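Some structures are shown below for you to check.
Two complexes are shown next, each including chain A; its partner changes from chain B in the first to chain C in the second.
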Partner chain A sequence: MYAMKTMMIKALLLLLALSGAGELAMAADAETILRRMDDVVFAGEDQKSSITLILIDRSGHERIREARVWQKGVNKRLFRFTAPAAEAGIAFLSLPDEVMYLYMPAYGRERRIASHVKNQSFAGTDFSYEDLEAEKYSKRFSPKDLEETEDHYIIQLEPLPDVRSDYSKIIIHINKKHFYPEKMKSFDRGGQEFKVAEYTFDKKGDYWYTKEIHMTNLKRDHSTRMIFEEVAFDTGLDDEIFTIRNLTRY
Partner chain B sequence: MDIFAEGIVRLRYLVIIAVTAMTIVMLFFLKDLEVNADVMSYLPEEDPSAMLFNRIGDTYGGNEMVIVGLEGKHVFETDMLELVKQVTDSIRSVPGIGYVTSLTNVLDIRGTEYGIETGRLVDEYDIPGEREALDSLKAYTLSKDIYRGNLVSEDATATLVIGKILTNVDRTEVVEKIQQKLKGIPFEGNIYYGGMPVTLLELSRIIISDIRYIAPLAFVLISLVLLAGFRSVHGVLLPMLTVLIAITWTMGVIAMLGYQITMLSNIIPVILLAVGSAYAIHVVNAVMAEKHIDPNKALQRAVKYIVVPVILASVTTIFGFLSFIAGSYLTLIREFGMFSAVGIFFSMLLTVTFVPALLAVMDENDRPVKRPATSHIFDRIPEKLSMLVFNHQRWLLTIWLLLLGVSIWGMTKIERRVEIIDYFQQDNIVRKGEDLLAEKFNGSTPLFLKIDGDVQSHTVLQMMSQAQDYMEQFDYIPYTQSVADLIKQMNDVMGEGKVIPDDDVKIAQLWFLLEGQEIMEQLVSPGFDEGIIQGYVTSNELEVLREIETNFEAFVEKHSTENLSMSVTGIPVMMKRLDDSIINSQTYSLIIALALVVLMTSLLLRSFNKGLLAVIPIGVTLIVLFGIMGITGVPLDIATVLTGSVTIGIGIDYSIHFFSRLGEGQQQQLGLQESLGRAISISGKAIVINMISVSAGFAMLVFSNLVPLQRFGFLIAVTMITAGMATLTILPVILGGRFIQSKGKKKETCNQKGECYS
Partner chain C sequence: MNTNTFILSGLLLLLPGWISAQEHPLILRGSVETDHRLMLRGDQDWAWNENRLDLTLEKRVSPLRVVGNVWIRHLGPSIVEGSGDLFHKDKINPWNLDIRELYAEVHGFLFEDLDMKVGRQTIAWGTADRFNPTSNLNPHDLEDVLDFGRMMGSDAISLQWHFSHQSSLQTVYIPRFQPASMPLRPFSDLFAFPFEIPDIIPAPGTSDQLIMPRNNFSEGATIGMRWRSFAANTDYSLSYVYGRDPLPLPTSVTLSINQDTGVPHIHATLVYPRHHIIGADLAGSIGRVGVWGEMAVFIPETELIMQVHLPPHQMPIPMPDDEVILKKEPYTKIVVGSDYTFANGTYMNVQYLRGFLHERGRDQLSDYLILQTERTFLQNRLRIQPLAGGVSISEWDDPANHHAWFYTPEVSYQGIDNLVVSIGGYFFDGNGNNIFAGMKEKNMMRLHVKASF
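Showing the complex of A and B:
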């Protein structure tokens, strides 16, 4: 009888615990989902690729730019444009502590760029410097579960208190099976929908990689397709690549 | 005419029911009547400068701005900058706003010893709090001419937040929303508003409030004058009712056909009030005159007599207004001519059917009208006029000639002005806002110079730069902006000086850095095949507009080549075109209308001489009207030139009634002088009542908050009185001239009936 009672109490406690834990599990879920997405999006120690940027204005007029990109860790990146001819050789080198250098071959000299504005467009595209940041989402945003559909987790991100973001929130549709983002809707600080990014992912070796991002700026009525090719992970990129000497070598 | 008069009396109930039914139908349409106060939309869509203006709006994220000025505190204080940020965010969140520029969000590019620094001028997340930081921000901001005079005043007491309004949105609604939002923000200083959309909103607000308060007041006053004139309810009710119904029908037709009320067509009720009430007054007056003679069948006799002149007057006036349609460049003038004609037609129709029908019904229960024991003022004025005409014709002529002489001299002094800002009184928010912008900033009226060509080429950028230098040499264009400025600035940052680089590759690489910046989209087309120079004009004076038009067109022509073409547009250019078109076509239409009136009256009066005489009161009134405008400094503008139309309508009416009474007297074998006396006393009474009542009504416009409405009221009063006096004095003096001369130099005295004795 006593045992029975104990068992029942235990069962009740367990039930209570479970129900409480259930809530916790849900909260943890959004964070876990975001962290898993980060692992997919920012996979590999280093990465190099060729990028085609297709800029599409509101009348459908397209302009194409090409570039090579080298990335090591979270904060070393070299972006060098290869086409069109007039812009070939223009390069951006990002180093830790938000240090950035620009090289313009026509002027034959590099210039340090200090930018305090992350919402500026990068190279005329619909991507801002913030959109291209290599810092993980989970370090910049706090996530919240919104919805779960058959194929997607839909979570909402809000910038962490000490983080400067141009967005008031981002709603992400994450693939349930592989944890890569398929769609991101960003809202401006006035709460209006501002940008929509659609992602296509592909698998290369162990890693899923972004094949294309189609970013639409709803306010500008302008969009950019960023297409990644010749993607290579963990090739052991030399630190020498990320130096001013290399930047100006064109 | 007998049959007609009998018929109306017989079918009186049918007429009244039909008119009531029609009025109900028109009231139904009237509720959909829309007002279009947007002056810029009045130019035809195919007008080159309007087309260019709209295209610039579509391509460069808006062509019109709402400017919010914050004044009263030192700008470079933490709380003031916080306020600027709050205002910026509020405006940005209003739908229909394309771009917002202010101190707290403007992008600042500076070359430093380390390299290039791009950032916000003021970090909106970290607004400086230390005195030192604020002072250095002030020094830096005021040192750059893209900020000084554009975003902050030189004395740092005022700053602007500028919102660009997208095309195809209701601009006034955007302004209303902004004003609502900013009302909720506490600020001890003053908030000013500027820009054309703000002006238009304020304009329509004032017009609506004026109509609400002044129209009823004017109606009451007119009714009182009519009551004093006729001393009968009929005399008040019938003219007022006729006018109201005619206005309802006309406005109903405008709405029914899908047209909008414009700055011109809103004068139509005024014309109908003046002319339409005159028609009905003539009928009532005729009936009363007949009743004094014989109360029985007075109505039929009066109708029989009055229908012809009313129809003749209205048909002539209708032709006068229809002449506005021919050859007018602006659709709004065509609409104005057409609907004024329609309105006059309705007034005439109602006067010859509804008024007699209603009189017939009223007559059934009417008490016999007694002639007032003492004649009152409206009888005495024509009597006095008769005395003057018959006894002091030389004096009269001298006075008129003097008046004409002074007026002709005055006409040479007439000013032409198109500044909408003059419409507002000194204490109006629009006026205050524009004063602030003109005084402390670079003005608010956008002027665009578009350059077609490869904007990434040295040649085109160099031309842009040259054009900017050209524009800025005029005092009234303190500042211009183009992509050439940005390229020069970037070249400087790259260490090669503030010039356009010779090398197109360098330009391409600088361009690369600028691309995607908000400001670029406001200055170059997406395909990079054209760019604009955006300038601001601090003055809208006609002289300035003329100078802009002629000089800029010459500049554009001189420098356009095969690969590079330029064109100018902007609010100043469009205002000038609009104003020119209206004034020219109105002047032209007035001349055509006068010629038509001579033709019509010659046919009607079966004499070219009489036809010519009939337009004398109109001609004299026009001269006096424009002369008084010149002397009193009332400028000739879109609103005031329209008083000419009222002059034609009312002048025709007065002349025809006068000639009609004169003809009636002569038919009855009365002598010329006696006929003249009768004409002055009978049609004179109607004319005087109409003249005084309408003038009194329009005098109420002095209470208007809009300066042009005040002027318009004054000018209508001038028109009515001059036209009335000219008809009742000049016409008989000229007509009687021969008669008086034939009597030799013998001094005669005549009474108001034209009976003379030595």
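Showing the complex of A and C:
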């Protein structure tokens, strides 16, 4: 055991020597900022809200989707469409370890779905399943760079080695005062910028919450506004909500 | 207990709770669909004309939920044969009412973890996509044979005990037997049992008699149970069903020839044999690829022999021997499947099947490989299925003469919310005794419009 500890310390010292103390300090700051952002984004023991999705095409035509969302902790989320009629009842349950289920009322049963859907558009919106994944950024990404402006920390994220992501990097502008994200630029695997998300936050009780996300897909010249309403924190959501038993109850 | 009494009993049992509170509004949802298919060969007859109002009513008074789903349909062309029929509007415009589901459901019935569902319902088991050998509680609804996997509702009591958030045991009792519905034209002879007669006999007339099980507690009932759980990041279940095959098999055939006219006639007697079915299924992922598997072992309760008779005093003619239609030995149907979405957004779903829904007995099972690809454009408004279909081999000793393929491409467009217009085609070809080979003269195009509300 002692021998192993000695080896680990030597390895850490070697890393320090290779990377340079200044760069490591910057990364550490970036990690702290990212963790603080996670604390704001994933505030509360649980959260429930109503969502309006407005899909806007290049001509400005709008289509509207409505849904209810329940979230507990950082990795349990249930998303159920309530409108339009053709999609009402379709539900998506996300659980830890990338376990996901889709419920289609027409088939009367749930369907296990694998993580290959993560890069796909969620219900025709500009959000992918990965964008809606209920997992902290600091668990999925490593902060690589840091820039500071008068109002923002700007950090660059890259996926951790064991994380499957369809983004090569994400650049986030984080509010310096309250640590919520205000802007995210996402880059595809080829390094091309292809999505920009602009966030509006509001405060309810002790928590800051996302009031609106405006996601623009630069390749498709299409955008989606996701507007959160009737947001409630810490209502004591039962774990039963995040089960197949509840998912199929429509 | 007849259907109405059964459903009514369930509703009366739950009525007091239902009327005690009105916390949720009555929900009305559904769709209007029109579906038309045109044969591409011969005189381009219409193969299918359907206008359907699919209506679901739901009332929820926690923990009770009452649901009714009916189809009101105008189906098929006029069936007038004489001028007298012109006085009957239902013959000019045939229509029907189909009660698909009508049930009451209680979450937390008697115990917090016990759910009860009583009334007409469909109970879908299995993890495969549309082809589910472990789903044997409801009879197949084969009326529209191209709508694979459609089931009819059964009057049933289902109790599901949730031992944890991931594990549950479901028990189902269906008090009376309900046979599968058979395909309408042009596929009405698709599941007809083949019977070879001597070449010297001209094409016979046919008739048959179905021996239905007695409608009582023991003969007509179906029971089932399913344990479902989650382990190693995989959903799995084990199931058991004791019931009857919803498709009939012949037990006797009588061939007679009219002594005066020389016209032959075949009369068959058909039964619905009983069997035990032990099933297992799983669903999970390997890397980013979705995988599933499903297996059902069918154990016939008795051997079934088709006896061939000649009536007494009939002129002797060479006749086929009696034939074992179903051996008393287990046979296994399997589905293994996988799906994946490529980086460009193309979705692909592949399934291998051993044993289609009508195939019974070890030596009767065919192999099928089914592929579906799908790509959406214009923010999901346009959906294209360019490669959709499959191949089947019914005899590996002679695949050239016992194979079939089918191809079912489709394009759907949702120009506005709640309205989907689809155009597709059904193309079949093959040889031998194979379900898709039997469709080969029936290629068709389809127009389907669905408006949801």
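What we mean here is this: the second predicted complex is superposed on the first by the 218 of 250 C-alpha atoms of A that agree within 3 Å, B and C clash if a C-alpha of one lies under 4 Å from a C-alpha of the other, contacts with A are read in each partner's own complex, and residues count from 1 in each chain.
Following the convention adopted for this analysis, contacts are C-beta pairs under 8 Å (C-beta built on N, C-alpha and C of every residue); 3 or more make two chains touch, one makes a residue touch a chain.
Since the model is a prediction, treat every value here as computed from it, not as a measurement.
Upon superposition of the two complexes on chain A, a steric clash is found between chain B and chain C.
With both structures placed on the common chain, the touch criterion links A:192 to chain B but leaves chain C unconnected.
When the two complexes are overlaid on their common chain A, residue A:90 makes contact with chain B while staying clear of chain C. Within the superposed three-chain model, A:121 lies in touch with chain B and with chain C [touch as defined at top]. In the superposed model, A:239 lies in contact with chain C only, and not with chain B. In the superposed pair of complexes, A:59 makes contact with chain B only, with no contact to chain C. Once chain A of one complex is fitted onto chain A of the other, the partner contacts of A:164 extend to both chain B and chain C. Of the two partner chains, both chain B and chain C are touched by A:109.
Look at A:249: by the touch rule set out above, it reaches chain C but stays clear of chain B. Steric collision with chain C, judged by C-alpha atoms after aligning on chain A, is confined to one stretch of chain B among 343-351, 379-387, 415-423 or 451-459, namely 451-459.
Put simply, chain A uses residues 57, 86, 107, 109, 111-117, 120-121, 123-125, 164, 189, 220, 222 to touch chain B in one complex and chain C in the other.
Touching chain C in their complex are the following residues of chain A: 55, 57, 63-64, 84-86, 88, 97-99, 107-109, 111-121, 123-125, 164, 166, 189, 220, 222, 239-240, 242-245, 249.
The residues of chain B lying in touch with chain A in their complex are 89, 92-93, 107, 112, 114-120, 123, 125, 493-496, 503-506, 508-510, 512-513, 515-517, 521, 526-527.
Of all residues in chain C, those touching chain A in their complex are 29, 31, 65, 107, 115, 122, 124, 127, 162, 165-166, 168, 233, 235, 283-285, 288-292, 339-341, 343, 345, 376, 379-381, 414, 417-418, 420, 450, 452-453.
Those residues of chain A that touch chain B in the shared complex are 57-59, 61, 81, 86-87, 90, 101-102, 104-107, 109-117, 120-126, 164, 189-192, 220, 222.
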